[in-house]
Every structure is written in structure tokens, then in C-alpha cells.
Amino acid sequence: MVTAFDAMNAVGLVAFAMVGSLKAAEREFDVLGVAVLGVLTALGGGATRDVLVGRVPAVLQSTADVGFALLGVVVAVLLARQVGGGLLDHPAVMLPDAVGLAAFATTGALVGHSAGVSPFGVVVLATVTGVGGGLISDVLLQRVPFVLAEDFYATCAVAGSTAFWVVVTAGYGTAVAAAVCGGLTLSLRVLAIRYEWRLPTVRLRAAS
Amino acid sequence: MVTAFDAMNAVGLVAFAMVGSLKAAEREFDVLGVAVLGVLTALGGGATRDVLVGRVPAVLQSTADVGFALLGVVVAVLLARQVGGGLLDHPAVMLPDAVGLAAFATTGALVGHSAGVSPFGVVVLATVTGVGGGLISDVLLQRVPFVLAEDFYATCAVAGSTAFWVVVTAGYGTAVAAAVCGGLTLSLRVLAIRYEWRLPTVRLRAAS
Amino acid sequence: MVTAFDAMNAVGLVAFAMVGSLKAAEREFDVLGVAVLGVLTALGGGATRDVLVGRVPAVLQSTADVGFALLGVVVAVLLARQVGGGLLDHPAVMLPDAVGLAAFATTGALVGHSAGVSPFGVVVLATVTGVGGGLISDVLLQRVPFVLAEDFYATCAVAGSTAFWVVVTAGYGTAVAAAVCGGLTLSLRVLAIRYEWRLPTVRLRAAS
């Protein structure tokens, strides 16, 4: 279990960093800007979660995750030079990104559970861990946050972490709950990509 | 006193969530996006304040406030479908929003006072509690923060919490100070709406 | 050493507040908005750093720094009325700003070192202290963050704090490391202004 989870987490860090770097490269940011955006996309969600539960962000204290994030930046820069635009919508980026969303949401749910927060808090922390980095980089890039506007994305983390809480409340251990959370988040996200799921939008009555 | 304050706080949570949801609905966000923006507008200021004083946000540990925020989201979505645009400038939204500003600024001043921060800190924490949620949602929606650009709004929280500090320093208890803070913030905001008060803008000398 | 450093810090607070206020004044924000942006630009980086290492922001507990920031706001408003636009690119603003960047990056590296974070953490905290306030105000003003897009700016803080870590690891005391960090950051920034250094941008292959 631990090994599979660690692998998912590493895949997610690389994929998230690639997404952040590619979004920054579209704006012709300089090399440092691209690296910062990539690293922030990969590590920003977890760091925000740690601040919310009163911990110094783990990423300031260990360096393995930083290495995976920087790897993602390097791969993205090399690919961007070879392949050009369109990578952000390519399955080779979207599928690892889905793996990362599942791994990060699961980590967030576990941290929330061990911090003794409410069910709402577990879902918030799982979702922040999964989508916080992308949200921060979208704000810095002055993009409408993709999480809010475009896609069946955050919804997967909300569903997965709700399932986590249900499974724990039903008396199962956190290992089972984590497997359910990760599996459900990943499955929903892959299905959403495959079938282009959308949540309904809220429409105002026509204003002149 | 406690009952009146709790009622003001609940009114504010519902009103703030309505404002956030309506702003998100104008952008045709999906249902989850609208709910997230509404909840964030209602709870984001208090959560930011808690992080600043080193506490795990109260809202991750209890669920009553989340319920009021979700109520505001539901009301806003139903109203938006019936009534259409223009609700954000309607007294039925602006007056409860003013009540919320007063309640939140007062909570922030009380938290700052009990955390032993400086007078500047009390004003900052009161203002962050009152306007932080709206600021966060404006940033996510890529709107110029209404707090900074549009209105005699944050100014009311600054004035109310300054009065809080003056009253406490003069030797009165925090209950009196809280009543003065809430009353002054609410009065100023209602007068600002009624008479369309504006602060002067800072103009640069004409540049070509 | 302490005196020189305190002077650099004060110069930086005034300069950062001037930069923030001038950027807000360009948007015709009201007086409160201009003051908030100025103070946030001066104090936001240090406050963010304090939150990241689990401390209540120092600026909520003491008031000297707030005074310097407010001084910068007043000077900026008076100057803006007399002189008009163009101040942001004037050496009388850019050089004190460079001094502030050096002082803030050094403070951040020292805080990171005493908090026992990783080398990566030291660089992150130094850079956040140096550029965080400007980043926050750019986001609130809906500008592309200057730190990421425009300039050889954050790079100076990254280089200076990396040098800090190298010097400490080599066995020298923090006073020596702080002097090296501050001197290197300042020198690089002044050279970057003088010779208009740029980092290369990352270019995607041409997309239609």
C-alpha cells in the first residue's frame, strides 16, 4: 500500500509541476518564473493544507518532493521546446495529473483525519491539497481558476474525501479509507476526462 | 448580548455566502464553483484571521457556520434563477451584508484583543475578518477587489475596530467595546449605502 | 552590523510601501485602498514568512515597521500629486527598493535558518520575504506579478539566500552569512537595473 501510494504521489508531483510550468511558458515568463510556477503548482496545495492545520509546510523541511517538482519543470521545458502548445490537453499530461489529484486528495484527507477536524474539514483539506497548487498558479497567471470554471475536477476530490469520511465513520481503518478515496477520486477524474463530464452551470435569468 | 451577536453573525454568514454565489453565478461557473465561492466568501475572512493568530480555522472544526453559508448559497441560486441580475445592489442583500460586516469585524477585534496583538493588529484582524472572504472571492473571480476600489466598505470595519480599541483602552470591558464596534461599523456602512459615501481617490498628476 | 541592517530594513519598508501605493494610485483607488496596498507591499512578505514558520506575524505585535510603511504611503501620495506618473521606474524609488529586497531576503534567510528548515526552505523563506508583498499587491491589482514576468528581481533574492546557506554550511556564523546574502542580493539587483539584465524566457514551439 505504502509503495503504491508513494509512487502515485511522485507521479502527481511531476505531473502537477509540468502543468504549472506549461501554463507559465504560454505567457513567456522567464526561466525562474516558469520554475516557480511549476514548483508552486506541485507543492502549493500541500503547503496550504499544512498551514491550515498549524504545521510548518513539510516541503520546507524535506527535499524529496522538491526534486520531483523540479524534474517536472525540466521535462515540461524540454517538451515545450520540442512539441509546442497543446500539451496541457494531452493524455500524457492529463492522466498523470489525475493520479496526482487522487494521491494529493488522499494525503489531505489523512492529514485532516489525524488533525481531528470535522467532516467538512476533511473534505476541505483534501480538496485544498488536491487543487490548491493549481488555484494559486492560476491566480498568479491571471487565469480564471480552472478548478472553479472549467471542469469536473475538484468535484472528484470532494467525492473521494467524502467517501474517506464515510468509510472511517463506518469503522474501517484509514488504510481502507485511503484506498477508497484514492480509487474513487482517480476513477471519477478519468471518467470525467474520457466522457467530458460537466457539472451544470448556474444561470441567472436574462439580464438586459 | 450574546444572542443578538449570534443572530448578527448568522445573518452575515447567509448574506456573505449569497454575495459570493451571485458573483460566481454571473460568470456561469458550475454548481460546485458557485458553492465554493459562496462558502469561501462567508468563511474565508474568519479562516484567514485564525491562521494569522496561529489557530486552526474554527470552521474546520465545527459545522454550524458551514450550514449558514450553504443556506446562503441555496437561497442565492434559487433567487438568481427567479429574479436574475441586479441582486447584488439590492437592499435585501446589501443590508444583511452590512450586518455581517459589523458582526465579523467585531469577532475579529475580539480575537485580536484576546491574542494580545498591537492596536494595529486589532484593526488588521477585524478588517481581515470582515472583508477577507470578499477579497479572496474577488481575486478568484478576477474582479478588482471591491474592498479596495469601489466603496466605503472596509473603512467601516477600520473605524469600528479602532473604536473597539479606544473603548478597551479607556478601561471598559470587551462587551461594551464589542457593542460599540458592531454599532459603529453597522451605522457607518448603512449611512454609506444610503448616501453613497465615497473616500477621495488619489490622483496622479496627468501623465500623457 | 545591526545598525546598518536596521537602516536597510527601514529604507526598504519605506520604498516598498511607496511602490505599492504608486501602483494603487495608478488605478485611482481611494485613499484607504492606496494605504492598504502600500502597507501590504511593505509588510506582506514578512507576514507570509511568519505564517509559514508557524509564528504570529511580528507586524501584528509591534508597531515600528507599520510606521515606516505608513511614512512610505504618505511620501508616495505627496510625490504622486506633485510629480505624476513614472516614479516607479525612477532610480529614487528603484534603488531604495533594491536595498529593501536585500534586507528582506536576509531577514527571511535568518528566520529560515533559526527555524531549522531545509536549504530549499531557506531560499523559499528569503524569497517570500523579499518578493511576497509585491506579489500580493500585484494579485490584488490584477497585474501580472512583476516578480514572475518582468525582471531580474526574485533571482537576486534566490542567489543571495543560496549564498547565505553556502556560507553557513561552510562553518561561518550567521552574521557573516547575512552580510554576504545582503551584499550579493543588493549588488545583483543594482547591476540588473543598471544593465537591464533579463533571464531568458521559455518559448513554446510556434502554435498556430
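Chains: A, B and C, in written order; residue numbering restarts at 1 for each.
Assume contacts are C-beta pairs under 8 Å (C-beta built on N, C-alpha and C of every residue); 3 or more make two chains touch, one makes a residue touch a chain.
Keep in mind that what you see is a predicted model, and the values were worked out from it rather than measured.
J.: Give me the C-alpha superposition rotation for chain A onto chain B, in degrees, nearest 5.
T.: Nearest-5 rotation angle for the superposition: 120 degrees.
J.: Answer with same or different: of all residue numbers used at the interface between chain A and chain C, are over half used by both copies?
T.: Since fewer than half of the residue numbers are used by both chains, the interface counts as different.
J.: Approximately how many whole Å separate the CA-defined centres of chain A and chain C?
T.: Distance between chain centres: 29 Å.
J.: In chain A, what residues contact two or more other chains?
T.: Expected reply: 51, 54, 139, 142.
J.: Flag every residue of chain C that touches chain A in the complex, lowest number first.
T.: Residues of chain C touching chain A: 51-54, 112, 115-121, 124-125, 135, 139, 142, 144-145, 147-149, 154-155, 158, 198-207.
J.: Once bound in the complex, which stretches of chain B touch chain A?
T.: 21, 24-34, 36-37, 47, 51, 54-57, 59-63, 66, 77, 80-86, 139-142
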